[in-house]
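Below is one structure, written out as structure tokens; the observations come after it.
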Amino acid sequence: MDLILDGLIRALTLLARGDPELLRVSWLSLQVSGTATLLCLLVGMPLGTILALARFPGRSIVLALVNTGMGLPPVVVGLVVSIMLWRTGPLGQLRLLYTPTAMVIAQFALALPIVVGLTVAAIQQLHPKLRLQIVALGASRVQLIWLLLREARLPLFAATMAGFGAVISEVGASIMVGGNITGQTRVLTTATILEVSKGEFASAMAFSLVLLALVYGVNAGLTWMQQRNRPL
Amino acid sequence: MSEARALGSTIVGGSELLARSNAASLAEPLVEVRGLLVRRGKHIVLDVPHLMIRAGEILTVIGPNGAGKSTLASALALLERPAAGEIVLGDTTIEWKRGLLAMRRRVAMVFQEPLLLDMTVADNVATGLRLRGVPRLERESRVAEWLGRLGIAHLASRSSRALSGGEAQRTSLARALVLEPDLLVLDEPFSALDPPTREALAVDLVPLLRERRTTTVLVTHDRDEAFGIGDRVAIILDGRIAQLDTPEAVLARPATDAIARFVRPRLRYCAPDVGT
Amino acid sequence: MHTSSGSSSSERASAQRPPPMRPALLLTLVSVLVASCLALAAPSAARSQPATPDLILATTTSTQDSGLLDVVVPQFEGQSGYRVKTIAVGTGQVLRLGERGEADVLLVHAPEEERTWMANGHGTDRRLVMHNDFVVIGPGNDPAVVQAADSAADAMTRIALSGAPFVSRGDNSGTNILEKKLWAQAGIDPVGQSWYQEVGHGMGATLTIANDKQAYTLTDRGTLLTRENIDLGVLAESFPSFLNVYSVMVVNPEKGSQINVEGARAFADFIVAPETQAAIGTYGVERFGQPLFVPDAGRTEAELGIS
């Protein structure tokens, strides 16, 4: 218990003096996970909507795969992305390994099934004739997707929070494709693991607490947006 | 005075009857349907070799459950691509590819359920205008106008989740009417409402349609509505239009026994030329 | 013929605008994230840019944990303009990365494995850099009487015979490899025995676990020095087998087209250069009262007593 207290004190001390390392890894965490989540929303939500509405052979298999993907172990994703990005790998020429971009890619792959799967469920929950009514009002395909997503925004906000939560708290993929390099690819989770392996548990706890605070902050904002205008 | 008139007076007033006979005399076709065939799987559910809807008229469509009324409505609203056939709107033949969106935007459809979006009444009504890129000022004034016409101006900022059945359906109607469509298709718009609400809504709606000369197709399973409101009535049986004529004509001279049985069971016992 | 007045104005605006939801807020959010994403992708400018500025240095976790690289690498970067990506993994993985050409230069401490690696043609250059030593630590009461041991093998034998708990890293790291050799020297197979616990952790965490259990363990002196609150004493030290020798190896450029051979050589030259060696020799004195490493550049392995 005192370890948590130690960690809390350490965290506050570091924050109070604006510890550059702490600020740097925190900001990088936000950048990487934020970008990955945003990309997931832009790609995953329209994709999920189409998947929910379209009928094609093999659809149930695709859905099952998406739902399976929700539980992908981060370290597995990290391994696969690493293999692709190695110098000897198919995408080696891009020299992306051990960069934040590689981490964004891995986290994108991790969160995409979550966002798509939850979007499919959210859209399928809408009134089956709603799509027809929106089309009847003269919506183009893009407008239709937008309105359906808007209509399902409550569960979609939850999907966003689930996706963001999954990636900002993962360490397996980040360590593998990022390398946890000081000043370049170290984020809150990988920093925590490093401190643990060094036996510096108070520091590890400090990083963890900052991570929790960060996640809370982001989710508080998203929750506010989700619950806005719902006086009923 | 015919049976139909007696019927009609329960729903609409005398001036309405006058307007109807005027509408029937507008001979210009707005919608023409040729060789329409709709399939579900291998089964043909709708077969309409020819149908003409005149500009400004209210065509009611009635038939038993599963006869194909809603299918016809969907087809006319260009929501469902038929297996075969042609639909001509105005002077444009509908093509199921590029340009369909523009065509579709000339038609508006209202369903049995209000199918409102999760937003205020005013925003709901504005939806179609927004989709068409109508600028804000014009949008707002048109929305306000139609909210007033349908008696729901006081609900403008009410959330759509907080409406009664009648209020919601009025919103849905306003949402369609604000678009001033070339063709308005109503698929059993009153069926989910209780009789007094239904009547109140019809009393408000029909004069509006008349005044704007909105070409309307009203699908219903209610005989009073069909014969009381329509300039012409189409009886649909087994996916086909069994008879299409003015309400008086259908009631007086049902084309087949099946129709006779369907429209007014008692009528069989009335002599065709029964007068006032 | 009745035409609705609305249709002409709606046709006019063929740009289909979807209904906006708080456009200002959404736009701000998106632009902030896009900006930071671009910032991520933009390469940082180095002082004098060599042709290929990025250099991958693969080393072991204990080397990383000692903190030496946090001092030495920035110096190298500043002088040379290279940007070093230090990947700290287990010894086995370091060598494997080198084999595959996924790293440019290696800094490891497993001489036998390194010799085999070089013999297999994976590297073009191997030079001694420094050494530190391992020690056996244990509880103050020393139930196995390790203190009386006269060799490294003897110390291990005593622990095995006493059945006192021993914590092993069990992760194929350089430390772990050395530990296994010592058991082999003593003719003992500890795996599976109840007193022998493999934890699969880095050195620092292993020390904490050993401390918790008041167990024996093998550690490099450097990590021991950097950890406070370890309530275990040094019971066996300075035996030849306990020497932990670090070498730098340049990966054979034939391993792949992306190998940064100039950078690798530059780093190897740098780390054995007299200035750097002096820095290595004094690293740790301020914080821990004694240096963590002994610089060895220029010596041979025979001189150190290992071969």
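For clarity, chains are labelled A, B and C in written order, and residue numbers in each chain start from 1.
The criterion applied here is as follows: contacts are C-beta pairs under 8 Å (C-beta built on N, C-alpha and C of every residue); 3 or more make two chains touch, one makes a residue touch a chain.
Given the structure is predicted, the values throughout are model-derived calculations rather than measurements.
Of all chains, C has its CA centroid at the greatest distance from the CA centroid of chain B.
Each chain gets a centre from its C-alpha atoms; the one nearest the centre of all protein C-alpha atoms is A.
Averaged C-alpha coordinates put the centre of chain A at 28 Å from the centre of chain C. Chain centres here are Cα means. That of chain A falls 48 Å from that of chain B.
Computed centre separation for the pair chain B/chain C is 76 angstrom, with centres defined by C-alpha atoms. With touch defined as above, residues shared between interfaces to two or more other chains in chain C number as follows: 16, 18-19.
Looking at chain A, residues 140, 143, 147, 150 sit in touch with two or more other chains. For chain B, residues touching at least two other chains, in rising order: 105, 127, 131-132, 179.
Residues 16, 18-19, 21, 30, 33, 36-37, 39-41, 54, 56, 61, 65, 70, 85-88, 100-102, 201-202, 204-205, 207-208, 226-227, 256, 258-259 of chain C are the ones touching chain A in the complex. Residue ranges of chain A in contact with chain B, taken from their complex: 127, 129-130, 132-133, 135-140, 143, 147, 150-151, 153, 229, 231-232.
By the touch rule above, chain B contacts chain A in their complex via residues 74, 77, 79, 101, 104-105, 107-109, 111, 113, 115, 117-118, 127-128, 131-132, 159, 161-162, 175-176, 179. Put simply, chain A touches chain C in their complex at residues 30-32, 34-35, 38, 86-88, 92-93, 95, 97-101, 104, 140, 142-143, 146-147, 150, 179-182, 184, 196-201.
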